[in-house]
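Taking it in order: structure first as structure tokens, then the write-up.
Per-chain numbering from 1; labels A, B, C, D, E and F assigned in written order.
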Amino acid sequence: MFAITVRDHVMIAHSFRGEVFGPAQRLHGATYVVDATFRRADLDPDGLVVDIGLATGELGEVLGGLNYRNLDDEPDFAGVNTSTEFLAKVIADRLADHVHAGALGEHARGLSGIQVTLHESHVAWASYERDL
Amino acid sequence: MFAITVRDHVMIAHSFRGEVFGPAQRLHGATYVVDATFRRADLDPDGLVVDIGLATGELGEVLGGLNYRNLDDEPDFAGVNTSTEFLAKVIADRLADHVHAGALGEHARGLSGIQVTLHESHVAWASYERDL
Amino acid sequence: MFAITVRDHVMIAHSFRGEVFGPAQRLHGATYVVDATFRRADLDPDGLVVDIGLATGELGEVLGGLNYRNLDDEPDFAGVNTSTEFLAKVIADRLADHVHAGALGEHARGLSGIQVTLHESHVAWASYERDL
Amino acid sequence: MFAITVRDHVMIAHSFRGEVFGPAQRLHGATYVVDATFRRADLDPDGLVVDIGLATGELGEVLGGLNYRNLDDEPDFAGVNTSTEFLAKVIADRLADHVHAGALGEHARGLSGIQVTLHESHVAWASYERDL
Amino acid sequence: MFAITVRDHVMIAHSFRGEVFGPAQRLHGATYVVDATFRRADLDPDGLVVDIGLATGELGEVLGGLNYRNLDDEPDFAGVNTSTEFLAKVIADRLADHVHAGALGEHARGLSGIQVTLHESHVAWASYERDL
Amino acid sequence: MFAITVRDHVMIAHSFRGEVFGPAQRLHGATYVVDATFRRADLDPDGLVVDIGLATGELGEVLGGLNYRNLDDEPDFAGVNTSTEFLAKVIADRLADHVHAGALGEHARGLSGIQVTLHESHVAWASYERDL
């Protein structure tokens, strides 16, 4: 099994609802350093999992939809806690839509899975893994 | 599949028995930077894999039982080589006990697996992965 | 010249005023991974620059005054852009106050300087350095 | 499941063929920081996955066959794009040969799998995973 | 004293002349992860050392003049060893030219110094520091 | 001013004397990831600060005198606390002796300073800087 990963980041504000969150119930924010991993069993005709330039570009597109925003005000996330693990799934699902729409190239239709990891600090990170 | 990881560290002394260990048969020590990963298929009602604060606290508890100790003197490890991979299993198993005892909260009973990685330097690390 | 550095982090929300900031004029947030460095010419009677436990504790105290907050609402920062470099100075100055108040121990009065670095992502960081 | 990973690096020149590669069609180069992971279900009689010293030595041997070379001139890679993911497989397969030849010790025959990750920069890496 | 640093990378081929270089006399290559640091005594009217977006853009411009190239063929480097430390100076000097030309904004004329660090692997890096 | 840095590591056991050390008064240990920086105003005739291979070799030599040892038993350190900052000075001074003895080559006599940083974990490090 082959994989490639590209890294970018996003800076957002949000708050959490629920006693378990303690002071994180206040409006605060985070930098998420985001790793997007693409997997497939065999390389494409160019000898690649997926073009790193295209993968980086599409990850940037997806993160652009979240960057410099207060997630508490985003209609897509109304009524949910935008936890690190939840956002990992949001980003993975949006990347999967981009793959299915052909934005990573025709060969990218041979990808079998995506994993997205969000580092919220040097001591905590979360990920979500799904099939394509 | 979702996962969250929290990081902490522990500083211990120990020695190894066996020719394969060469100079590491002498009493020496290590800092282990420890990553504990918790996995589950779906998020809990708070939108979490497990609360990062609780996970960090319980990892700290488990590491507190090893920290600033000479492992050669610990009855639990009599007659075994406390290799990095062995200690990864010790920590994973102790964390699993904490999960089963409810120390990570009731929702944490929905966790499906734990992985523990110990970084012994910038060029070597070991891990152990188990079901819950 | 000797130095020790301890690392912690803080998660805040804020916005910027000024065209130069582009989309960062919107309310967003950041995780700052914070490195506090303490310098002195000679070691203290314990063979230390400063006790790492005390240094970590006081850095945590200072960061606790910022953590999980919207800096736009903090009276201390009314009318200023809480840029990464500005916050590095805030944290360095508050740590200096702690040193002068004796919170890092009597020997810490022998410290000659402090540097604080805030990593806002894996590709950008800022620092402020001052005498004590 | 247990695993250990050792890290080393290699510095090579190469070029790519295919429009997808853009300016990377020109002769350029890369440092690959290489992580080799060895997996097995149970520890060997010494309490190890595999000896870290031996693993490091064999990884160095394999990388020595690529280091400080223009891969465009290597007969082994004639007519192929030596992409990061392709090279991950080359290194994993050569390490597997070393395991099968006994170079990592007799106990290493109990290894079940190898994964090799090549970091081509701080924002992109690729890996290949295989059974033994 | 304040500073900000931005990070990018560049991938080049080259060879060295001189016995001291051993196998690095062969054509090979490197990824340099490049950190550009800008210093000044006081913040500008926006509360910044220099705008991180502009700094990142200009660093990208400078690296674009080196990226995906065989430095042995570059007229600028004829007859010199393009060592990591030499390239750190090249990049710092070119960034200084951009500052003097106003490419980092009018406020950037208040910068007092630049430092450029090139990481050639996880175990070696070089830097060059100069006044502005 | 130019600088190059090389990284290696060392694994030792030790204990501390003094109430300030709390549980670190017990025998424990550490991995120190060690960065040795060499500085000079101008490059040598090969275009280098110092040969990275030689620098790495001499750092390895110096660390070999500490590696896999209980520092409490070393006559050189009788009666002193082998704190991270103390050990940074020991390593810097021993490297300086190697430079003066010509072990880093004749050109290395043009070096002006050395800095040694010891990372004792992902959240604490210490350094010592001296002239040559």
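Just so we're on the same page, contacts are C-beta pairs under 8 Å (C-beta built on N, C-alpha and C of every residue); 3 or more make two chains touch, one makes a residue touch a chain.
In UniProt terms the chains read A, B, C, D, E, F = 6-carboxy-5,6,7,8-tetrahydropterin synthase.
Predicted, not measured: the structure shown is a model, and the values here were computed from it.
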| field | Which of E-F and B-F has more C-beta contact pairs | value | B-F
| task | Taking all residue numbers used at the chain A/chain B interface, answer same if over half belong to both copies and different if under half do. | result | different
| request: Check A-D, B-F or C-F against D-E and flag the pair whose interface repeats it, over half of the contact pairs matching by residue number. | output: B-F
| field | Whole-Å gap between the CA centroids of chain B and chain C | value | 31
| Centre-of-Cα separation between chain C and chain A, whole angstrom | 30
| note | Residues of chain C that touch two or more other chains sit at 7, 122-123
| field | Touch list for chain D against partner chain A, complex | value | 18, 20-22, 80-86, 88-89, 122-130
| said: Touching residues of chain B toward chain A in the complex: what are they? | reply: 1-8, 43, 46-49, 51-53, 56, 105
| said: Using the touch definition from the top, list the residues of chain A that touch chain C in their complex. | reply: 7, 9, 11-14, 23-24, 26-33, 67-70, 120-123
